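Have a look at this one.
Naming follows writing order (A, B, C, D, E and F), and every chain is counted from residue 1.
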Amino acid sequence: MSADGYATDTVTRLETNLDDLSPELTGATVERLLAAGALDVWLTPIQMKKNRPGVQLSVLCDDAHTAALTDLIFTETSAFGLRVEKITRLKLERRFETVATAFGDITIKLGLRRGRILQIAPEFQSCRAAAERAGAPLRTVFAAAASEAERRFGSTDGA
Amino acid sequence: MSADGYATDTVTRLETNLDDLSPELTGATVERLLAAGALDVWLTPIQMKKNRPGVQLSVLCDDAHTAALTDLIFTETSAFGLRVEKITRLKLERRFETVATAFGDITIKLGLRRGRILQIAPEFQSCRAAAERAGAPLRTVFAAAASEAERRFGSTDGA
Amino acid sequence: MSADGYATDTVTRLETNLDDLSPELTGATVERLLAAGALDVWLTPIQMKKNRPGVQLSVLCDDAHTAALTDLIFTETSAFGLRVEKITRLKLERRFETVATAFGDITIKLGLRRGRILQIAPEFQSCRAAAERAGAPLRTVFAAAASEAERRFGSTDGA
Amino acid sequence: MSADGYATDTVTRLETNLDDLSPELTGATVERLLAAGALDVWLTPIQMKKNRPGVQLSVLCDDAHTAALTDLIFTETSAFGLRVEKITRLKLERRFETVATAFGDITIKLGLRRGRILQIAPEFQSCRAAAERAGAPLRTVFAAAASEAERRFGSTDGA
Amino acid sequence: MSADGYATDTVTRLETNLDDLSPELTGATVERLLAAGALDVWLTPIQMKKNRPGVQLSVLCDDAHTAALTDLIFTETSAFGLRVEKITRLKLERRFETVATAFGDITIKLGLRRGRILQIAPEFQSCRAAAERAGAPLRTVFAAAASEAERRFGSTDGA
Amino acid sequence: MSADGYATDTVTRLETNLDDLSPELTGATVERLLAAGALDVWLTPIQMKKNRPGVQLSVLCDDAHTAALTDLIFTETSAFGLRVEKITRLKLERRFETVATAFGDITIKLGLRRGRILQIAPEFQSCRAAAERAGAPLRTVFAAAASEAERRFGSTDGA
């Protein structure tokens, strides 16, 4: 279950090239795929034949959601075909902590490998909620949370 | 041969990153690859080392065409290497129909799963030919064809 | 007030290149700018010095909103500077209509020049609401609305 | 008529952001705009609101073609508005020459400033025609033409 | 000299579309333009005619450098023409400070409007030098510098 | 070891989507990955959820470097996960030659299949060094080197 201290799993990547779907519908599809359980969804601008400014739709999902997300792509987009690949992932362990800031408590996501903290990231939704409550710029809240998280969880030994 | 009612096949994806080929030649290569039997060809803008605005060339092909298309890439582009991957595809069954419009008959491509119509797409070439004959905007012809195809083949039951 | 039958106005385009802002914050900024009255906001992927995958933020706004949006960009992004340009726009007149479909009434946006209909577009929000009510694919609702709108407002004379 | 030895002219740039047009139709529009006299047409992938993978359509044109191209954009695309800007251009003088190669005569486009050659470019169509006649790779023909053009017109004095 | 408390200046934007230059040479041109005094240089991937994956080169410069940079573009790229536009910029005042971190002193760039600090950015070169001295990840140094800068210069009043 | 006359090898492609890392740090990571032994590193602009203009980081590496580069990605970027794929490559044999030009000797990289020369490419670093020595445009040096290399190694038989 680990490669050099990382957790691993296997996920499926679904991909299709869209050259005849309105971007308006493509954007809505991204939201529906995420709502239906996709691990991640992203769009890559690609240049297709006949000067078409197409888009590659990529969806990462686990086994439990592959069938439903496949059906959703065929239903919500103009795809006649779909590429399916199994992909191995390396992952950090995740741990959530809370830090106190002038804007209230903010959730922090930590990424660890063998117990060592490699990632310290203020949670987006937590920062946005605090920014809205305080009427403060989102960046300011992020900076305050990151600063406090850095003080508590950050490396200070130059390594 | 089917996963959850979809047809499947296995194709090869050839990919290479180009950072020293004139876009003029890259564009011409796309056309030659399609003419030589590629199932699909597309370009992705990528950012390579040393500030180079490169491009990733991607080619999908079946077994019968892989060798010839490989040679063509090495001959027509500046590639010194090529990535080769086998990819599984899920596909809808295709059926072609014709609808009558004010601009003449237009070919419609249908995509089906277990006999149910999931995709209804006016054929590009058919619409373009009709638009040129009529001196009409291509969009107008598409809209007329899509409207008539929707009327004949579309779902009307809210599902 | 018109050039060849088009309405015209003058708007301001604000632009800045961001090479040191987290995409997470850039995305949130887009939403705040739209909420604060921007006419349009978009991001263009650009390649900046030192291999930085930057982004150009573009904002269109009218005179009444320029000062507030300018302040918002300096507050919410990492910008130290902002490019300001006056731009002339040509526009179609807009008219809203309603069409009946199997999924309920849908709003249609028409674009006119000298009274002639050039654009027929189902409204996104109206289609999405109907799709959610019916549990139908968004595309299916769009197609039904576009088909009915085409029947009522579309050109049928091949011109 | 010249700035530091360059020829100058003034052209119009028409731009619109498309978020509800099928890429298939966008690609066809590019070809129609070029056929109708546009000096240049290009598409830029942009990220629009609501996760829409839009495209910015840009058209350069001279005064004689601005009205017709404007109408074409409103007719062939889903645009409700169009940005119009006057742009000054600096240009090299153009001169065409012919060089003899193993693949036949090839046209060369030279770019000059105050009589000095700054650009030496084999003409794309001329190279492609020669490549098709000879059954040779387009790149090989370009290289041969560029090599001979370089020998005849290139700088050899390290400046 | 100020609009709503911002400093302003006027710069020139030079732009050209490149469809026949090797990305390798485009990348080198970016570095030469910056070395020759450009205020900023960036590349935008664009889709040009005939399926060419072109690139738009954009250069911002002040009056003192416009002529030299223009010549450089015509010399180092394949451009036959160049678009020239005057652009107004709004700018924050800049002030540099130093903060002490576990990785040594780091330069901080502040952006101010009417004396109020809107931007707090660790200087890239200063962080990179410290990261190399310490053998630490660049991100860790940035986070430490940003944290300390935030503590000293940041807003703590939720506004 | 060969497929149709090409050399082959197997490499690993590491990929992660970054939506919360400053482009400034992403750019620096590219350089560190190359310095640490990556075969190739590139960035693809992608559109992620919530309007985020993200970037996909791709790294090609051989087995000897996979572990170190994996660690580097988790240390230098904000990644919590990494996709790992084995990829087969087809490659040309490489041979280096030198050609004499008015700007001094330039290294040429040749790509061969079964002894036949398919690629002739002036080496970037060699051309740049010569251009700097001579104070000549890089393009001019490339053109001179390509011309001489074409004369010596190029196909002249129209095939």
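Heads up, the rule we're going with is that a contact is a pair of C-beta atoms (placed from the backbone, for glycine too) under 8 Å apart; a residue touches a chain by one contact, two chains touch by 3 or more.
Predicted model, so just to flag it, every value in this text is computed and none were measured.
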| item | value |
| --- | --- |
| Chain D and chain A - chains in contact with each | B, C, E, F |
| Of B-F and A-C, pair with higher C-beta contact tally | B-F |
| Equivalent interface positions on chain A and chain E, same or different at half | same |
| Selected from A-D, B-C or D-F, interface repeating B-E by over half of its contact pairs | A-D |
| Longest centre-to-centre distance from chain E, chain (CA-based) | B |
| For chain D placed onto chain F, the superposition rotation in degrees, Cα atoms, nearest 5 | 180 |
| Relative to chain D, chain with the most remote C-alpha centre | A |
| Whole-Å gap between the CA centroids of chain C and chain F | 39 |
| Chain centre separation (chain D, chain E; CA means) in Å | 28 |
| Centre-to-centre distance between chain D and chain B (centres being mean Cα positions), rounded to whole Å | 26 |
| Set of chain F residues in contact with two or more other chains | 20-22, 24, 28, 30-31, 43-45, 47-51, 53-54, 75, 78, 124 |
| Parts of chain E lying in touch with chain A, wherever the complex brings them together | 45, 47, 49-51, 53, 102-103, 120, 134-136, 140, 143-144, 146-147, 150-151, 154-159 |
| Complex interface listing, chain A residues touching chain C | 21-22, 24-25, 28-29, 32, 45, 75-78, 124, 128, 137-139, 142 |
| Contact set on chain C toward chain D in their complex | 4, 6, 13, 30-31, 34, 40-45, 58, 87-92, 94, 109, 111, 113, 118-119, 121, 124 |
| Footprint of chain E on chain B - complex, ascending | 18-24, 26-28, 30-31, 43, 45, 48, 50-55 |
| Interfacial residue positions of chain F with respect to chain A in the complex | 17, 20, 44-50, 54, 56, 67, 70-71, 74-75, 78-85 |
